[in-house]
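Input: one structure, supplied below.
Each chain carries a letter (A, B, C, D, E, F, G and H) given by its place in the written order, and its residues are counted from 1.
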Amino acid sequence: MSNPPEKHNKLHTTAVLDFQRVDRIGISEAVLCDHKSPAQIEAILQRFHAQKTPCLLTRLDADKAGALAVQYRERLDFEPISRTAFAPSPLSRLDERQVVIVSGGTSDTPVCMEAARTLAFHGVQATLIQDVGVAGLWRLNERLEEIRRHPLVIAVAGMEGALFSVLGGLVSAPVIAVPTSVGYGVAEGGRLSLNAALGSCAPGMLTVNIDNGYGAACAALRILAV
Amino acid sequence: MSNPPEKHNKLHTTAVLDFQRVDRIGISEAVLCDHKSPAQIEAILQRFHAQKTPCLLTRLDADKAGALAVQYRERLDFEPISRTAFAPSPLSRLDERQVVIVSGGTSDTPVCMEAARTLAFHGVQATLIQDVGVAGLWRLNERLEEIRRHPLVIAVAGMEGALFSVLGGLVSAPVIAVPTSVGYGVAEGGRLSLNAALGSCAPGMLTVNIDNGYGAACAALRILAV
Amino acid sequence: MSNPPEKHNKLHTTAVLDFQRVDRIGISEAVLCDHKSPAQIEAILQRFHAQKTPCLLTRLDADKAGALAVQYRERLDFEPISRTAFAPSPLSRLDERQVVIVSGGTSDTPVCMEAARTLAFHGVQATLIQDVGVAGLWRLNERLEEIRRHPLVIAVAGMEGALFSVLGGLVSAPVIAVPTSVGYGVAEGGRLSLNAALGSCAPGMLTVNIDNGYGAACAALRILAV
Amino acid sequence: MSNPPEKHNKLHTTAVLDFQRVDRIGISEAVLCDHKSPAQIEAILQRFHAQKTPCLLTRLDADKAGALAVQYRERLDFEPISRTAFAPSPLSRLDERQVVIVSGGTSDTPVCMEAARTLAFHGVQATLIQDVGVAGLWRLNERLEEIRRHPLVIAVAGMEGALFSVLGGLVSAPVIAVPTSVGYGVAEGGRLSLNAALGSCAPGMLTVNIDNGYGAACAALRILAV
Amino acid sequence: MSNPPEKHNKLHTTAVLDFQRVDRIGISEAVLCDHKSPAQIEAILQRFHAQKTPCLLTRLDADKAGALAVQYRERLDFEPISRTAFAPSPLSRLDERQVVIVSGGTSDTPVCMEAARTLAFHGVQATLIQDVGVAGLWRLNERLEEIRRHPLVIAVAGMEGALFSVLGGLVSAPVIAVPTSVGYGVAEGGRLSLNAALGSCAPGMLTVNIDNGYGAACAALRILAV
Amino acid sequence: MSNPPEKHNKLHTTAVLDFQRVDRIGISEAVLCDHKSPAQIEAILQRFHAQKTPCLLTRLDADKAGALAVQYRERLDFEPISRTAFAPSPLSRLDERQVVIVSGGTSDTPVCMEAARTLAFHGVQATLIQDVGVAGLWRLNERLEEIRRHPLVIAVAGMEGALFSVLGGLVSAPVIAVPTSVGYGVAEGGRLSLNAALGSCAPGMLTVNIDNGYGAACAALRILAV
Amino acid sequence: MSNPPEKHNKLHTTAVLDFQRVDRIGISEAVLCDHKSPAQIEAILQRFHAQKTPCLLTRLDADKAGALAVQYRERLDFEPISRTAFAPSPLSRLDERQVVIVSGGTSDTPVCMEAARTLAFHGVQATLIQDVGVAGLWRLNERLEEIRRHPLVIAVAGMEGALFSVLGGLVSAPVIAVPTSVGYGVAEGGRLSLNAALGSCAPGMLTVNIDNGYGAACAALRILAV
Amino acid sequence: MSNPPEKHNKLHTTAVLDFQRVDRIGISEAVLCDHKSPAQIEAILQRFHAQKTPCLLTRLDADKAGALAVQYRERLDFEPISRTAFAPSPLSRLDERQVVIVSGGTSDTPVCMEAARTLAFHGVQATLIQDVGVAGLWRLNERLEEIRRHPLVIAVAGMEGALFSVLGGLVSAPVIAVPTSVGYGVAEGGRLSLNAALGSCAPGMLTVNIDNGYGAACAALRILAV
């Protein structure tokens, strides 16, 4: 089998990164890794490094992270559960916790952590309150005052997503719902939870894509900047 | 245009009614009217009358009820919101209320009443508690003790159906969820609420078809006979 | 046909209104009229009136508004395109416009106006910029500086909803996407536009249910209160 | 690649278990294992052990069970086909069989056994009657008297789920339908069988999520406690 | 408003009818009327009449039939329940009944009659057995010997379509399943019944489109000609 | 009911028309009328008239056209089957027919004519060949040479859309498939035909939205300008 | 981890095989292997062997066949492409070929062979004509006379399934369409091809489930026995 | 396990290749490899080689290419990212670039390259412009003049596909949209991007199946030949 002739190699153009995004909309460009090869990711990291721009990688699973060349791996602040990496770690952070991340069960942890890590990359700390699903409502009630002390709520839930409506009726802060793909059968990979957020009877619920902890954090950053 | 010749009329066979159903499974045969013409309904009523068997009609809207010949209309105990009719009204009823019907909002009333009327036809009285949707959770909490005094709960909700999970986590009785077609957009004619019941995180939730108050009542009758 | 006997009338319970909602979450309870009969709406208006609480009605089409008894109609500040009504009109309003409502085409007007009227009911004025769909991008570019002067954007679009991503990449404010049911074929009653908002490549887009101008306004109120 | 710094570890909060669930609704909290790592499961088991509370694990496949540390594995009464485990085994059981589990084919065995094991964990014995699918109706007829001797029926079927309607028309006991994901093409991972149960012409059929043997057993426990 | 100029009228071309279809595949071309205007139907009838070819019209509702000019109406043997018309009536028919049409309920009558009328148009008589749905299995058992005397079965059912599998397991003849749009909620306009036929556990079930009594009859004609 | 106060009228902004579209992409802006009121359409027509720009209206049904004020109606070259109108009629046209529109059946006529009228508005004449559906393949074969004489083919078909693949395998010209909503049951409002075009085994098939004759014509204009 | 205690083993009941099926409907019971473990398959084979009844296995992939104990493997006439096995091989076969299996492309071969092997097991020989997809219509035309010499056609196609309508318009024999899961994107695992068969404009097309070569063969056996 | 007896081998017929396709429609037959075994691919390559006809293979992943016998592998001009192979490489190419391939992000590269390689196989060179997604609109604006210099645009995008509408409103050339399966959640394997192209507000957008770079190139070849 012959190698691909050089004429086709010109198809591998350099990625055009949106370094001005942080100036334009206040959010750094992030690199969604799940459709990219290690070689593509390395090329992108090199561009960010050359620009001395901090970089956030999402959906980087541990195997792919391990497949990166050592000089790239070493510079990454990688966290496997959230599948996120920073290059380099952001230095200063605000102490006050402006966002609370509330989830239905421990299976939602990876999505919660993707949101928390994205916030941390932009210098915002979050409080994480897990396992307050509505099947045992007392758990949510016990934490309600703590939740209400935050100006912004990110709610993370799979299955039937009843947590969204209950929370939305109890707090006055903006609630960003992140449906997760936790569940089986009618949960349909997160569709049920997504629609529960969109069709909620609690007024003013806001929603992002399934498992999109990154997007919820970006929306939170936009709101906190108002 | 010629009339249909007689040879085709033989296609109009007499309906074969399942009069022994009440003996076999404890529930009378009911007549689902929404795909039937007034003429078909009249023919069926005549058969029930000849057998001296009480008859329950469901999904009989007011226009179709009004289109029945007067001798059939007169014998009907018709209730327009539930779109149900009895012929004749059942006489004796138990006083104790064994079933509580709990609903999210006033838009769910027709389905609640179809369930209540089906129970009444079989001699079972129900308590109806409406407007306790989870967007204002205090309303449900106020009625919780009353709900818990009933051995069986029928929960009726449209939109995102969060009521099902909240109720299922608070009461020990069997909960029969009846999703309704109330809502728009992602509510998809009741699909969202249906899936919320099926995918509920509260263990042991039971579900029937969308808007199927009749079916929930029949299931309740089976359970009460255990 | 006999009247429904009195024993069934007890099923018509009084609606349980959530008057404390405004204290709890900062948003008044609104009445979604499209599954309610004129009689149900009148009963609810009477309750609000007795409580001297201002009331917002949504999805009240002109025919149903016209079917209300005159004493209820007279008190309503009804606007037919948005299908909203106030009872009574709120008095004082802030002059500063904190929200801009941007839409793709004139067919999206009813949803834009539902959002604007809901904001107005809560004392918030909105700027409305219509007909800036991306098929003629110059129209959006011409209004971009004006849009950027607002701390919050509500974007309203049907069909393929490309407006959401373009806007989200150009402004730093929170963008609340309201997909509309404008379109045909693959537009699937707004599903395409909804998914375009949820799956947007612009980071931090927020979404509400199809045609839900009311919900977008409520979310805006939550954010402005941060 | 640097380790995740300590500040992010605080995201790993302890699971909040609902130990009071058995008092509130008569059913122990169970641990759905399929979205949890062995480490998460071990942490949960430790909590149950410390509370001296018996624990039921579901959807625990053999590989994941084998990956648990030996001190956890030893305490488990694990059954691989049902993918369930008890810790410890419940001691006393009632002899009388109050539930019959009826299934269409041998491919439905894992779901049947999840139901039977969940009942056993709560002290209820079940009779299991398999391979009575309606393509050979004589098989069901042969076992009908035996089925009728039980106060409660759990029916388990995949493919087109015709078993549900046939059974529902033949027995007066409550029938809880458990659709399974057995089948291909239009069976759509159990959707067809699920809808067959929900849309059944037999009055009073009750349904749970696809492959949800656990949920059917929980519903049976609620009903038997009436 | 000006009339459409003549140059556009050339777009109204004459329909190209497939008069040789009966020679090629043994089935006459039929005219599906539901997307055609009365004027289009009249033009087609005129073509058939000029060719002295008998014509079958399907999905011709009574209103549209009544809107045809009197000279067309008079020649039609119209039957309103099946919404079919012949022009002219076929003369000779075989006496022996080679096809039995079995249906679940009286709501399926229009589809049964479309099949029966299509067969009659081609000279084949059918036996019609209605109301033998599986919720009351004794009704089917009573007619089973009669059904087995026919070489070909057309089974017509809506809702969950359990009739198809039960019949397919009891008779050795080819069974053509015609799903109908009878039902609500999960019945999804006939989709559930269609999939029940396709996913049946009874081997060798054959299926046509929803409500397609015409297609089932055409398939029967092909089989009888083998 | 009070009139809407003046402050809300400012929401009715003037439509922003894209008059420069014809210079930018070679296609005039058209007005999709099906979500617009007569008042909105009149306002738009006035704008076009003031600009002395010819205007194309699509999806204008006869009732809505008749509801326009007489001064607008009079200027329209309205054609009811295609539901299109020109204001004013374009004068000069090329004689050579560069596009052939091929359809499966007479029910597809309105979509064929929307395409033909859109082409005519831009000065391109089309040949229309109808009723060449593949159930009678001889009809297509008879017209094949005529079809091949055109540099561009627009194929219009509903139901299962088999015409697209057959045509695509027989001609070398670009084929633009326009799926139509003709059919029932599995045809799903044109989805089946749409997917048949997209999933065609004939290489190089191009597709537009369901019933989108206008879009197919616009694409043809782009291609003819290459 | 303790072994499952004996008390749970009673759940492993013996499969109830339908040996009388061949007498009742003329088709042997077959064993669908894809949801069964090797141990379950061995137990079933032993039952068939003890009854001296020939057995057909379907969906038995090569790995699972290889995992059977040697005494079972040796008796099997296994064919890996069709994933079918006979035990033992049927002896006598009719020479005349009554069925022709026509397919669109070589990717459809496994399904064609499942049909051919199922027919062979019941003593019926089939002619196989592949690669006659409609993108190159001359290929089908070349084989048309040969196809027409058979009394029954099984048509196998994936992607857009245009072959079904073309064939159905050209032959008078019954055509059983078998949609296959060949394709990608809109082909949706065979759904497109399935719907193309059901929604075909060719009258009297018959359809089975996706990839169901076994079912098509069973239907053919029913028809040939008429 | 016995080998398949010879009588079944006759089912393995030789593939019928459409060598005349290039004469008929100007496009060579290509071999879609993803449902074919290495043995089937080798047999096809041998046929092409014997006919001295150049051959294009698509969806040939690197593993399957490596599994081909060495004499076949050696003759292939294989490119792994596009998963395409030529046998042999086409010699002469036009220098002028008539097609520009524009994509949203680097994850779309494989589809871009499948299109570019298919064009190259037919002697057409393409310019590739990647990473111009609309979240950073300046990137597209920077390249707009370059894009406009090409007579034909192939636009490749996943996620919400907003690139299609923006491009379609900015260029007058034909735009062929290729939706890709890049994205997650509501992106639904490319469905969202596909529908965004079909439902685009930009007039005259043309669309092919998800990930179908090959089909887009074939359509481009048809258009360039006009």
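Assorted remarks:
The rule we apply is simple: contacts are C-beta pairs under 8 Å (C-beta built on N, C-alpha and C of every residue); 3 or more make two chains touch, one makes a residue touch a chain.
Just so you know, these numbers come straight off a predicted model, no measurement behind them.
Path length between chain B and chain E in the touching-chain graph (shortest route): 1.
The chains touching chain C as well as chain D are A, B. At the interface between chain F and chain H, two copies of one sequence, more than half of the residue numbers in use appear on both sides, so the contact is built from largely the same positions.
Centre to centre, using the average C-alpha position, chain D and chain G are separated by 33 Å. Chain A and chain B have centres, each the mean of its CA atoms, that are 44 Å apart. Work out the mean CA point of chain A and of chain G, and you get 47 Å between them.
Listed for chain E are residues 21, 24, 135-136, 168-170, 185-186, 194, 198-199, 202-203, 209, each touching two or more other chains.
Counting only pairs that meet the touch rule, the chains in contact are A-B, A-C, A-D, A-H, B-C, B-D, B-E, C-F, C-H, D-E, D-G, E-F, E-G, F-G, F-H, G-H.
By the touch rule above, chain E contacts chain F in their complex via residues 1-2, 4-5, 7-8, 10-13, 15-18, 20-21, 24, 29, 32, 34-36, 40, 44, 181, 189-190, 194, 209-212.
On the side of chain C, the complex with chain F involves touching residues 65-66, 73-74, 76-81, 85, 89, 106-107, 109, 112-113, 116-117, 120, 128-132, 135-136, 138-139, 182, 184-187. Note for the complex: chain G touches chain F at residues 104-105, 133-137, 159-162, 164-166, 168-170, 183, 185-188, 192, 194-203.
Interface of chain B with chain D (complex): residues 24-27, 30, 151-152, 168-176, 194, 198-199, 202-209, 214-215, 217-226.
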